[in-house]
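Chain naming follows the written order as A, B, C and D, and within any one chain the residues start at number 1.
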């Protein structure tokens, strides 16, 4: 709504009428008035694309039947889209994002970035060559108290990080679900080779490394498909070894009945600890040696600049999922505004590099699981 | 961002650069892409109004120096604002809202509506005469799980309501604060005669009656100004008698150190109970006779249509303050869209009637406190 | 089990086989090995008394048919009981306790002490004359974190106490219950004139004054019997005025479906606040001006001597209801041991004085309610 | 205190004046009046043993200087101890327990049972031969809601168990601690070869298998000593494979700053899930497919016989660590009482078999860790 700068012209590929994540991207883009949706290729068939576009108020000529038409059409317009949000099922991330980058568009792409490391590296190279902005919506890293956690780790307030526990509990795939979301996410052709691992394991990995600041060195993983007949893992647990000797546990699942979107992170250091839960995102538990537990609140006393920059409301006025997602969009808008001014700023959002890292993670985990849970190294690879 | 209908043209009075609530209104209006901000008279001086307007990207000619100029200017334009958000300090609600209504604008006005019952009734009469839409931002009633609670009460799932406890705990005025927010809210000239009572007591009263469906009959109240030298109450506690024999307790405070925005509601009936907390808004505790406690979640199993209509995200993806606020704005947009289509729908947002009820509440409570905490009746009055 | 001193010989009046509170007293007495149960008049009929005694392993000759026989019998024995636990329905507290005191026994008596202020004063005078130890089992004040709270108030860590909120939520009498417990507690002849007020309101009042250190000055109260046909209040809410200007809210209920034994206390001062819940008794929430919230844990960092003296286990190994109750018994044992050594120590348990204060509270509240919720003063009375 | 049967004569080896766990055993034995402490060899030197005995009120002739003297002395007395509680540092469990069993005493022994599988099997054989009762104080399985959880799994209310997550978070060894507890627990000579793994990992393993009813088949483990110079692991994480295809994650630590005694268990099945936390032991979270979450409370609606048998107080009156521990002691007392009556009942407490299983677990985990985290099988072994 506010518009310190002129709104950025946004086009969307995917995200038609009953897509969950497309609507989230639109709310996130809208929240701060920094974007205006100008075009879309919103569904997998031209008819449904156009219907979705109409429902969103897009002019018919910019409600494209295919993403190829969208890129071509918007490229030609003087008032064409500047940035493309790629919110399709996973298997389309690569062709759409690559073509968009090569056509000079900035891109905001959902995670996991692409199915294979080869594609990830190709995409990263294309971004480097094009010099465009490229964000991957690791949206949980947009939460203010996650920024607070990272800042505290960086400030040494935990001492040396020793152990990281990251969990992502969901239950919505505990049975053989039908419905659009469930179908493509359990179909290797559209989802890629990693089920829960790709969908939520990559979020967990990104959050753990984002906050701890530590790179992974080795993993031993167990992937399971608990629901009979399911071709992809619906549960993944693993032991992690980080650079410098820190250790970790990561467990994610989509068959844990009753768990909704229960992403949790704990980081334990030699001088203090932090714990955070996505379903209670405005609080951060901070423990120090021989001192009472502290509960830091978003906007409250003891929170610093990093969280403050992601905060819209005073303490006690909860912010949540959309606001965190919008922080990614806002950071991209800030980057584009800086580029407009001829400035070069460090992106305060997850980039294609983070996306590649997530694909490397998936790849190594699949390798470990294929070997029966053996230890697999990240070093000297990817 | 989405725009099923053409965006509604919105102007804002108040809400300049460092105003908390103005920014909230803008986020709320933006979230669903149903409004476009076209004009403003954003601050108390013409210079600051214009600076705020520029920062928000308003064209200079629609960044007005005074609200009178705004109403006059927008009225004349073919593309003029259709609705005015009144987000000034309380003492200006009455003149601005009245003039806006009389000029034929729809209005969204902050609470408490106005300082006195006389003004409230005059405003209500004006709205009735003009036939315009008039919303009062009792935003907490926009939370999905509050709608769920009201629906469950209406469905008889609590049996007869017996007792209502509503609490609103804040601590930010525990000392003699400075800062814009604290100053006008503790100044009778700008805030009106009710301190914490007006600012948050009215929210508590509205929530209690909104969910329980019961009208107040009598109150015995204690108002206190704990901070030395403060001319307005910063704490209010009272016993309530509702129609039909239900009883209630209401306590609100702005001097409870450590409490941020801790609004809580419990409703106890002859067959079940409900409890809700604003700082954990996606959950609703439901207890039935001789059955285990249930935790209902927004978007989760067991929630009904009323909550569903206010919900944007799946369970576990938390929604919060801005989304609840946006539900008021969206309901107003739905009303205006229906009016555009020539339809007449029951407003699904708090109206001028609710605003008047809040002023009546303040008035009776002030009367009780002035009498030393005597019981005062609502019956046959206002 | 441990026995630093010789065990104290205990007799029990009331507390037969299906009595809830009698079993609690026995666990509490047993926990630290400081008492040995030597005699009982456990039920309201001689037959059931003897059966209960046999079940508890009492020798037949010390399993008395009536409390009069018990007092007479034990008085004559060289190895007779030294202390009498009075755990009968309320209407027997007065005659049993008075006779026991006059016969020279120490007494541990349940609350509420007696039904009327006249009886309370008579009992207090008898205790003063006899010089015996007399404890009233306001057991919630035995919780370590309640002691911690009181110590922090005394140390000035909250500044001046401004506001006290005490709540006691139960739901077990939400319908017309049968069963021994429910029957006598809703029968004025056996329970006395105050229903929920007497049973749990007195606990709430004691906790509030124990922790805050403030005496009550005035009360305006609303008593309600929500269950049709119930002759006693099952719900009580009131506004409180303390000495020195502090204000309070007290609400208790036995008809709040789903609430088990949900006693809560919050104390707000000019420099800090404390909150505690009986159902999570090992934690104490401490808020200070402009600092992150602290969670103090029993046995953990930041807890002091007062809590430490009531603590048996390290932090994280929860203690609960029986342990808190046992703290009262242990403090009485310490008093008797000191008396054995010829020393005179300040009782670290609630005494007959506290019991009288509770009866005065009940009396004034009944008076307020009888007047329709008028303000009633405690000053210059009782 | 109550004594339906004559009290059982108990002697204690270890548990002198500043030992944490000895005091816990004494409280647990005392709580229900089923035991009387008659003898002890309480410390590692005769002088300190006798001083501790005196402090506990033991007669000098039964306050032995060594455990050998105790066994010999009590064996000769007509009123000698019937059961020996072994609460020494771990390295003494084996010789003391073995000698006690061989001398015909019943035994209650702390965990981990013994350091090696060979000793464990030797001890188990001795118990089988002697026919005595032998309990291992896996006290967490004495919690009522853990019994409730096991009963629900057995009733099929979770469907097939798919995944088990068990965590045990402590932080008290985050630095190089001094103090008696810390010293022997980090000394391989007194503690055995497994640090955190033995101390709390065995609790976690026992709880997971006790509730799930599933045997372990394979483990891949990572043991770490984070504190420089510590000769034993202070952190252990592992992936588990259970019989029938269930999978698990176990992580325990004693270096997680701020965590006190945070043992957590979640069991996920094809039809429902359960979650429990030791620091909030009176609640059990129960989730079913497509139904709102239920919170079961100890003593509350929906809890069954298994929990009921372990429950002393009504719902809302919390029970905790000592009560759970006392449930083990009480079950042993019930076993001995049945033996007295010539009956043979299934022990409702963890036996030497469970102790052996724990040692097998430790052994396999050490083996996995020694191999760099390789998968190690339990099948066909131990």
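Please note the rule applied: contacts are C-beta pairs under 8 Å (C-beta built on N, C-alpha and C of every residue); 3 or more make two chains touch, one makes a residue touch a chain.
The chain lineup, named per UniProt: A, B, C, D = Oxidoreductase.
Small disclaimer: the values here were computed from a predicted structure and weren't measured.
**Q** The B-D interface: which of C-D, A-C or A-D repeats it, judged by over half of the contact pairs being the same residue numbers?
**A** Checking each pair in C-D, A-C or A-D, only one repeats B-D, namely A-C.
**Q** Count the C-beta pairs in contact for A-B and for B-C, then report the pair with the higher count.
**A** A-B
**Q** Just give me the whole-number Å value for how far the CA centre of subunit A (Oxidoreductase) lies from that of subunit B (Oxidoreductase).
**A** Taking the mean C-alpha position of each chain, the two centres sit 34 Å apart.
**Q** Find the geometric centre of each of subunit A (Oxidoreductase) and subunit C (Oxidoreductase) from their Cα atoms only, then give the gap between the two centres in Å, rounded to an integer.
**A** The mean C-alpha positions of subunit A (Oxidoreductase) and subunit C (Oxidoreductase) differ by 55 Å.
**Q** In whole angstrom, what separates the CA-based centres of subunit B (Oxidoreductase) and subunit C (Oxidoreductase)?
**A** Roughly 43 Å, centre to centre.
**Q** Multi-chain contacts only, two chains or more: what residues does subunit A (Oxidoreductase) have there?
**A** Within subunit A (Oxidoreductase), residues 259, 286, 293, 297, 300 contact more than one other chain.
**Q** Would you tell me which residues of subunit C (Oxidoreductase) are touching subunit A (Oxidoreductase) in their complex?
**A** Interface residues on the subunit C (Oxidoreductase) side: 286, 290-297, 300-302.
**Q** In their complex, what parts of subunit D (Oxidoreductase) are in touch with subunit C (Oxidoreductase)?
**A** Interface residues on the subunit D (Oxidoreductase) side: 1-6, 20, 23-24, 26-27, 29-33, 35, 37, 55-57, 170, 172, 259-262, 278-282, 297, 299-300, 312-323.
**Q** Can you list the subunit A (Oxidoreductase) residues touching subunit D (Oxidoreductase) in their complex?
**A** Spelled out, the residues of subunit A (Oxidoreductase) in touch with subunit D (Oxidoreductase) are 162-163, 165, 167, 171, 174-175, 220, 222, 224, 226, 235, 237-239, 241, 247, 249, 251, 253, 255-259, 266, 268-273, 285-289, 293, 372-375.
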